């Protein structure tokens, strides 16, 4: 009943993505797979799921060797995989019920289908999913789509369930629900291979942890797990010595060594002032302001309206209400170009759908927003200046991969993320708006991005949205918490204890009156020293 | 598609000689089989063009000439380029089969400049050195309309099928306009027409609509065989056989089949034999290569073919038709003295 | 670690204003509305339009195009595109004519030969797109040329008509009565092509909307990789789609051949553009926004009614193309603009 | 806070086996190889083929199609598809002819009128696709009918030739010498259309491969949402693409009109399929796998050389279509099959 990976190596051109990895996956066990970006996690998963063949080494089940000609062979052998890029798994244009029953189309059975039959079959696949069955799947949020995929994989009676960063788009609550589901499956004797960059999750969920480093199996740990040793194994001896893992602080967002909120000597001017804005039409209006050199974190559950808010600031969607001011001047971008030209850089949330142009090189991705700057006087593009810009981003963020000329798909997920976030820093923006910049990024790289962002924040204002408030540790000066499409409150980093955050995020807090202004003329958020209000 | 060209010199036909036996020795060039004649066509698909080509090829074989065929396939620029290429390749003679005067004339000039003899069928070559061969479209329309007038007594509602822009149709249209003036009893109640690669079935659909809208129509004047076939299909499908008669133009084996079907509404067509025209074109070109004199304007006259005539003689193909109507073969137009005909 | 209460439920669907409801209705029924308006207008201007015989005329003029369009629709469901449909019609016309006229075989043999030709076209398409992985548009463009050429070659570029000369002698056969009935006959006063069109439309509708295979076809069109990972044999279904398209084109070719009574070179050519137009117009019917059988039928009717009505109104032929274009554009703009408002 | 060690240098080109190297080479150069082989074969069989005058004839026969195809290529870069290109050529031919023949204006006016017509077609396409958000294929299909119809209407369905009858009197004007020179003239013995084609090909190549506008166009084709969020004004660039396509079609129409010497109804019709074929064949050139200027030029040459060579070999016209199809299919299968092996 055991899946075994024996001496598996994988070479992509000059890159050794995996070298001689050996791992056993036993029934009823959850094995965490972690490693820095580009360590080879996705590669190992692709091999296990039959998407690519190993360069050398073997797979076996109960001692019998497995040869996967393709993903279907792997599925037939009981290996079910939910890939990192969820949109690869759903069929747009079809309803949720149809997506849930996709497997039954191939399985045979009744050839005449009615809507009722499809609904019934869908309910059988996922009795307690709680998603509307008849809406088209593209109207679901990313997390709902992911839940759909996981439900499907579980329904397929997996022997080995592989989840590649399943929680990167999920909120904590949803992640907990997922964890319960995974435990259920494990109780029935399924093996689970679980990839995540969230160490807390790994710690609570996994029985064993395999750490990959530079394509090698650096170590395996058995529960009870210690974060320090895991991180040390992940980062390796050289890096670990100089690195204070942010994850080691256990107490919410506050980080003793991280953020030093700028000790404003004189009055620092506001870069962005927003008044009377709304994240979702019909919800309460609110305001916010960010100063130069300041990082404002925006957090809230999935669907709280963070993305809507940030997209309005970045010109990606029209402003619903209120007014914006940038450096004292009115600011109302009609599209992202206008925002960029005003000095606002907006890195959107969904990498594959919103940032990646398939087949393009890293270099072309870096320069896409700044093409005019890379044009020579003749109107032609300057290859030199493009290459330089790309190499700067690669260097600044420690992007690991085959270089600036390679297609971006040859980079690991986290490294792709560094490129598409990092390119926005090339423009020296006044305001940097980042939506979920740490999705799929390992702890070390997160620290890298955080460091660069903080450095930037010396001249510019930064807004970072994330549904995981821990990611704001060491980065944000203030935290704006959103709930159901409006601001639930604002905390200075010092006040942002887990309890208060939880209360605000879930809407159980008695709102601080100051952030709930009487409707007509909403003042902007108060300075930190006036913030008060105790969570329930 | 219909035959197309600019107006050709309206000179009457004049046979070059009148005897039947070979009256001259075969020129050396022809005996050696080294004569290359380029046939540059505007179009090549369709019965008319196929039969035309078959006739031309048969004549070329008889004369021991190599016929190099190219077609513009409806793209007139391509036809002009093919013509230029024939000049570049130094053919012994060139036959231009249809086309637009303005488009082919620049290339014709090049041929003349290169001293390559040229025969132009149904297109004005615009150069006095070239021979212009044409079929008499006005006569074709007159013959068909004569039959129409005789059958209707010169009055009644008529559906007319016409598409402008195709020279032979335009010429036939001139006759129709004149005919309407001369016969005020004839009333044109609808004008329809489509030309594409499936002309017959498209015209059938239109004719059905027109006949539904005009139940009083007695006759359809369709001076192009694809039009006539479409109209016949429409009449048949509406069950109006006996009520509506069709007067057409051109003829092919398939047309004969449609005309002689039981209850066929297509009662008369006026036509030249396309194969014969193809033969005449090759003969004229061969004469030019041999340095013989040829009239600068040759015309092939049409004959009226009636349903009754076809049925009475039991004719089912163009071959039988030409035997039964010797007028369709015109051996005296551009007779080649060194062959028997 | 932080939040505890769950708020994962989606927000309730936004309440709609009466205006946006109307827009949504117009989007769903826009094209049908324009079609209905045309019918009323034409009937009003020309009473002869709104008669049963004329309805049959319209339907018959639509039948062949509609059948080809149904096949094209199926090929589109998987994200493919069958540019070779018109060429297939043409090839089938030639093959059926040759079978009866030149080889003097029965009408039934001709039907079988025609269907086999359709499957042959489909097989070439499948080889190119599924096996050799050539993109659909280019591959079927190649097939188009190939079969257009083949139809010409088998007859030496000539039309095939009874009595034609083959190697000096007249061809022995002719169109059989039974075969001709397929084009000109009626069943309970309805022309056979219309009956065939109706049956095929129903079959394709059921296939696409109510069978596993239809679902699988749409799934492949939506996300081929996801479909493959769900165990759907993508290659087989894409082959199925092309086979259906080929068979539909073959049926259309057989009916056309029967109607023409001869094998006409180039007879199939106009059917590509018209059938693609019908299928594409169909996207906008009932808000489907994807290839669908019902929409295709409506699209074909739309074109047929338009041409018939305009001809009855005695509109000159050269104005018809323009009016067709204007109506098409109008219908599309209405549909897609309203869709956005919704 | 230190980080992972960075390995930013470019990776060495991956070591390949000889076999896969060969396949990769064949994939990149496959179509060029077939083209070269055709050239050698035709020259061998027909010495007249490999002459300078004949090369000019081939190039000239390719020029008009090639120019249309360049425009279609640009429209394809953004993921669009300009089905109206052929109709635009036809409309421009009519408009230029009318300007000179009917309104007795100068050749320069005719050129301007032609270009404006091209921009008008582009404007309609932009209104439909960018403003009304109608999908490209259907929208440009509508435009196709619209302008095909318009070209017929302005002349009452007649061709426009010098000396034609207008309202009972002969038309006053004729093609000017200067205008005719555009079609029949030469520059240093090279025909004007060939020169124009070469210049436009170079311009489109530079535009697409070496300017920020080209980069933006490809970005939109690759992922429109990512392009928008990266600050590219998608609507403007899509309009630009259609404008370039319209202008290319207009230039082609002007040259064609000058070559024809008259406004020919339906003159533009054959150019749609051929230009699309050239652009699509171009996808496979040099392994680009996307619309590209160089590939389109090669695609147009491929078709031109093939047709010319076959005509010179005296292949019957009905065999040419088939051979064309077979060669096209062969080239595509080679290219795409080898691509997979790579």
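The first chain written gets the first letter, and so on, giving A, B, C and D; residue counts start at 1 in each chain.
The definition used in the following text is that contacts are C-beta pairs under 8 Å (C-beta built on N, C-alpha and C of every residue); 3 or more make two chains touch, one makes a residue touch a chain.
Predicted, not measured: the structure shown is a model, and the values here were computed from it.
Colleague: Counting C-beta pairs in contact, does B-D beat B-C or the other way around?
Modeller: Comparing B-D with B-C, the pair joined by more C-beta contacts is B-C.
Colleague: Please report how many Å separate the Cα centroid of chain C from that of chain D, as a whole number.
Modeller: Once rounded, the distance between the two centres reads 28 Å.
Colleague: At what distance in angstrom does the C-alpha mean of chain B lie from that of chain A?
Modeller: Their C-alpha centroids are separated by 75 Å.
Colleague: Taking the mean of the CA coordinates per chain, how far is chain B from chain C in Å?
Modeller: 36
Colleague: Going through chain C residue by residue, note those that touch at least 2 other chains and give them in order.
Modeller: Correct list: 152, 157, 316-318.
Colleague: Which chain A residues reach two or more other chains?
Modeller: Correct list: empty.
Colleague: Residues of chain B touching 2+ other chains?
Modeller: Residues 44-45, 163-164.
Colleague: Can you list every touching chain pair?
Modeller: A-C, A-D, B-C, B-D, C-D
Colleague: Going by the contact rule at the top, pick out the chain A residues touching chain D in the complex.
Modeller: 12-15, 36-38, 235, 238-239, 242-244, 314, 316, 335-337, 339-341, 346, 348, 353-360, 364, 368-369, 371-372, 374-375, 379-381, 391, 394-395, 398-406, 444-445, 447-448, 450-451
Colleague: Given the complex with chain C, which residues does chain A contribute to the contact?
Modeller: So the residues of chain A touching chain C come out as 71-72, 75, 88-94, 98, 102-103, 105-107, 109-114, 130, 132, 141, 143-144, 171-174, 177, 200, 252, 280-282, 301-303, 469-470, 483-485, 498, 501-502, 505-508.
Colleague: For the complex, give me every residue of chain D touching chain A.
Modeller: Residues in contact with chain A: 1-15, 206, 210-212, 215-216, 218-219, 222-223, 225-233.
Colleague: Using the touch rule from the top, collect the residues of chain B that touch chain D in their complex.
Modeller: Against chain D, chain B makes touches at 6, 44-45, 68-71, 73-78, 80-82, 84-85, 88-89, 100-103, 105-106, 163-165.
Colleague: In their shared complex, at which residues does chain C touch chain B?
Modeller: 46, 48-49, 51, 53-54, 57, 60-61, 64, 152, 157-159, 161-165, 170, 184, 191, 256, 259-262, 264-271, 307-309, 311-312, 314, 316-318
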